[in-house]
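In what comes next, chain A is part of two complexes: it sits with chain B in the first one and with chain C in the second one.
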Partner chain A sequence: MDNRKEQVVITGVGLVSPLGLTLKDFFTGLIKKTDVYRDIKVFDSLKAVNPKGMQVEECSLDYRPEEIILNMGECAIRSAIADRGLDTDSLSNISLVFGSGLGLTDQLYFEDKDIHYLSSLGERLCGRLGLKCEIIYIANACCAGSQAVCYGVDLLRYTDTDLVIAGGLDILSQAAYAGFQRLNAIDPDGCRPFDRERKGISVGEGAAFFTMERNTPDLNKNRKVYCAVTGFGMTNDAYHVVQLKPDGLEIIRAMDEAVQSSGLSKDDIDLIVAHGTGTAQNDRVESAIIRTYFNEQLEHIHVTTPKGAIGHTGGASGAFGIATAIGSIIYGEVPSVTNLKTIDENFEIPLVFEAVKKTINTVMVNAFAFGGTNIVVICKSINEESHG
Partner chain B sequence: MDEIVISAMSFILEKDLTNIDFVHRDLRVMDYFTQMAVIAVDQLLKNAKSENDVHERTGMILTTNTGPFSSVRELNMQVKEKGHIGINPSKFPNIMLSTSLSRAASTFQIKGPTVAKYHRGSIAQAILYASIQITKGSSDRVIVLKVDEGYAGFGLLVEKEKTAMERGVTARFRLIDRYKGYTRNGR
Partner chain C sequence: MSGKKVYITGVGGFTGTTPDSNNNFKILDEEYELSISGRQLRGVDRVSRLSIAAAVSATGKCNLKMDRNNDREYGLFYGTIYGALESVHEFDMVSVSTGALSVNPSLFPSTVLNSPACQVGIQLAISGPIYTVCSGIMSSLDAVGLGYLYVHSQAVPAAVAGGAEVITEMQQLMHKGRSRQGEAGGFIVMETEDTINDTSSIAAEILGYSTINIGASQTSHRIAELVVGMLEERDLTFGDIQKVYYGSYLDKSVDNELIGGLQDSLHIKDRLEQLETDWMGASGVIQIVTSLNKNKCEDGRINIFINIDDIKCSVIILKKIGG
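Moving on to the complex of A and B:
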């Protein structure tokens, strides 16, 4: 593997989350376990259900799916660019790589569109932003956001792209909620990842975007750098449309690929941000995999996941996992797993019950999608002396 | 010999789906979009003399302009008419692009890097993605799959010329200058 060709770093963060609109608000909400689990009143026609989830308050006034997703994307991307600090006009080679599981799907509930409508999300976003750039729209379900970040790394290493804006976004989807209900995948009491009583996901929404660049001595001197994305692994279970393969072998392969391509060892991992959906099978498979792959290294590793707090944000969830990793690195604290009360007795992994202050240098972020794609990303502190 | 080439192609028109002898255990829940994806990969691997290979290091990129548009429209209509009760849970995943990718991956045991993406215009992005995966060593070969509802499914196998020749397959096209000027002016 040739993943260490050039180091790629994250230089700007922009978030729209149920916990707030900045990295600080998001991370503080995770640390404080802020409860944002609410009735969803905007769905038009689910009938005979009482939908609940984690909504972005600023976007919840009216259910206009296209408008909401564009607003969220625009806000998060503008925030990431502003956070980076320099006008992007000075750069000619920019790529927007974004992931969205369902994108514009729900707009078709309200109006008929032409057959090319679903692919138009990127152009609509760039139209809002006035951004001239290459647009890459990854629609690979729940791993789309982290896969977008991975491909951003590839573009910076292997093409003449100067700046990548990468991340994920998805809104509360009436279509998805209805489908998850029919799959009995929603926990009516809220998502409780890795808990003995867990019964499924909570739905969430949001957008998480990052500006990414090649690391250079000048960049490191003149600009805020959150972390490096040192490597990643991608595999497919080749097993089932919506289920993880019980043996988890392909996920382990992705984890190992991520560690190896980062030039690290398992000993270097301080924190795992698990996919942690709160469904019976997913959490069982993921905890077993983490135990199998890390084994004795788990003595110094913490495991957390943001989904108990913000719900499953679909194509944005991997990007929110990366945001959780960045928060842990720069604030020197590991958030707990919200709603985890009694760990499933079969899970032998060091889950975080209460936030822990700890210097975090290297984080593994997991994202596993409907469709079998597994993405494992490694984020590493770059200015270790300034953290904590 | 280290050149990256297109070694095989496949093509299936949607209107010809009913004339093809296609057997799959989940056929009754597959939409046309997914059927085109699976058949295009089937034909591609046969054309590439690669149907019996181990595909742990084979990647796949599914790219589309339309996505599973009819399935999305149908599901929204069912929600409108009957609420969540109207939805067939076995067909619900058809609204996600990852489902077609998954059907193709699981049918042919493709376990390398897989991605589903929307695009406007050409499939250059997808071919670039394939080239990068091969260059950096995460895949030996990548299936580039372009499927558009109402039209066709189209497959390309991208790999190193050497690996194609080892199977007795002659390269159809070489990819040149694949990384230069990629993003300039936001093509």
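Moving on to the complex of A and C:
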């Protein structure tokens, strides 16, 4: 990807996470390794044995998928708008770009003739928010949220869109739980990314949204700017619907595209927020490609992932990776990999065992999806940046 | 927005012609399976097969080199309302009725909403960005529009874009369209002059794409304003318009009012063709494919594709090239 000129910045953050409803709560939870791994009591119809995961507290009482996902999305988007201090009436061209891997899929359980599917999620969200905006729903599985952010960057660079609200959301899904359990991809002891004893994911849920706009000197004077999204890489394995391509070459290409399109070098990366699902194959491939791509630069890089703390949030996971990057940049601290006790001896990457205080300027955020899509986003502190 | 000219160099599609018991148009499997015979399709569901067949048909008509040794990074843009709904529903029903451990794990991949697009990507060895866009009746038109923006801005050298829908029991429960529905799968290939090997494959040039939220103010004036703006930006006049292809999910009375307003504003009385069969999310790309396939478009004339629901409206303008 080239030909991307204008700098795009994140000016508002809105989260609904198992660790809390603000960026501060979410990031503090990551730093303190707050344990939110609990029994899931809402999967009555699943007949699963003791399902566990990371649930948003406010959603734990009643399992009405459509209501939950709309509430989560509405809450996160409203928070992002409020954080940015947005007067929506003053802007004419707003786009809502959201990613969700499963969307309203779980509503199918209820066999209600009034169920809504796929695209109606965006319309219903927008209706609740009362926003006059263009809506784009990207359903690219586990990288949907970060792909939505990338699309938002392109909208701001190539069209007359004034403001983009982009992010991802997914709720605890009975369908996904059944599938992952049947594939033996759920770790009964909780997700332990990159650990020698790792056995799979934990399911999680949440919504993470960002307001994004073009950077200008005026913008930076008048409101807070969390970071710039300087570039991204987007590739496809074209290999298998649920398996990563073992050689990881397309992921490496996405990493390189992201670095190149940002006008940076590998030396500039301070932190990698890995996809880090905790499955045997994902962590093996991802650690190998991080080692291969960065090699000696890893001496000054840290690698972390939030999935041990909040679980795999599906289509929101890439957006939560970006939230982790933002937290690290603005709070000057790198969270540890929750539940990582003994690193797999084959992994030669600098994983974070205990939170590290460090100035973080540039973060690479990885997200890989069922279907083979690889999204790598670069977030950069704007403190040292020139505008434009 | 400056960028490269974007040409359509391949079109392919299948539309249902066999009425089912509800008088909707189904596609017989043998109508499309021939074009994908020999591919490894074990475990690939029906909507994905139809998608692959349509994409293979489109790419086969241009000289785009698509194989695993190709170092070009093509993009894939897929639009759908229902996608892999049938597979999701089948999977769900097993887990609900007999428990999570009873589901067939080999069916799990098809329950991912983006699985049809991914299956196309795997079969065509597409290594660039893949998007699954879900925006109601606009889905495939938005997918084409997004692909156009990627090629136009040179983010990718070429793109395959389109969509597919199949009729299923669950889809019938959900669908709220008012006209006869039909199964369909359609794709187009978009390239710049830098990648085109054979200029005789050029069928049309895409001149622009735009999408707006219309919210409560769904007036023909707003849409006409958008179209006029797009035409003026390209130094085109109403006289250049050969036909406007229109597809909507609006109430009939609103539709009639809108169409009348558009015909007046754009001076296109008798030149607006309304979508008769509801191809659902594939509607936009099927309108494009059929307009080009049947040589309905005259060389050098402008055709405008408008898809609309009560939330938003998407528009693509293209110019037919060649006979």
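The working rule: the second predicted complex is superposed on the first by the 373 of 388 C-alpha atoms of A that agree within 3 Å, B and C clash if a C-alpha of one lies under 4 Å from a C-alpha of the other, contacts with A are read in each partner's own complex, and residues count from 1 in each chain.
FYI, a residue touches a chain if its C-beta (ideal position, glycine included) is under 8 Å from a C-beta of that chain, and two chains touch if they have at least 3 such contacts.
In this text, all values refer to a predicted model and were calculated from it rather than measured experimentally.
Once the complexes are laid over each other on chain A, chain B and chain C cannot both fit and instead clash. Contact with chain B, but none with chain C, is seen for A:161 once the two complexes are overlaid on the shared chain. In the overlay built on the shared chain, the residue A:335 is in contact with neither chain B nor chain C. Once the two complexes are laid over each other on the shared chain, residue contacts for A:278 go to neither chain B nor chain C.
Looking at the shared chain after the overlay, A:92 reaches chain B, while chain C stays out of its contact range.
Of the two partner chains placed around the shared chain by superposition, chain B and chain C are both touched by A:372. When the shared chain is aligned, chain B and chain C each come close enough to touch A:179.
Residues 1-3, 45-48, 101-103, 105-106, 108-109, 115-123, 132-141, 147, 151, 154, 158-159, 174-175, 177-179, 181-183, 234-242, 250, 253, 369-373 of chain A lie at the contact with chain B in one complex and at the contact with chain C in the other.
In the complex of the two chains, the chain C residues touching chain A come out as 1, 3, 68, 73, 76, 80-83, 85, 88-89, 91-92, 95-96, 98-101, 103-105, 108-115, 117-119, 121-122, 124-136, 139, 142, 146, 149-150, 153-156, 170, 173-174, 211-213, 215, 281, 309, 311-312.
Every residue of chain A that touches chain B in the complex is listed here, in rising order: 1-3, 5, 44-49, 92-95, 101-103, 105-106, 108-109, 112, 115-123, 132-141, 147, 151, 154-155, 157-162, 174-175, 177-179, 181-183, 234-242, 250, 253, 257, 369-373. Considering their complex, residues 55, 59-60, 64-67, 69, 72-73, 75-76, 79-80, 82-85, 87-89, 92-93, 95-99, 101-103, 105-106, 108-120, 125, 128-129, 132-133, 135-138, 149-150, 179-187 of chain B touch chain A. Within the complex formed with chain C, the chain A residues making contact are 1-4, 45-48, 101-103, 105-106, 108-109, 113, 115-123, 126, 132-141, 144, 147, 151, 154, 158-159, 174-179, 181-183, 234-242, 250, 253, 369-373.
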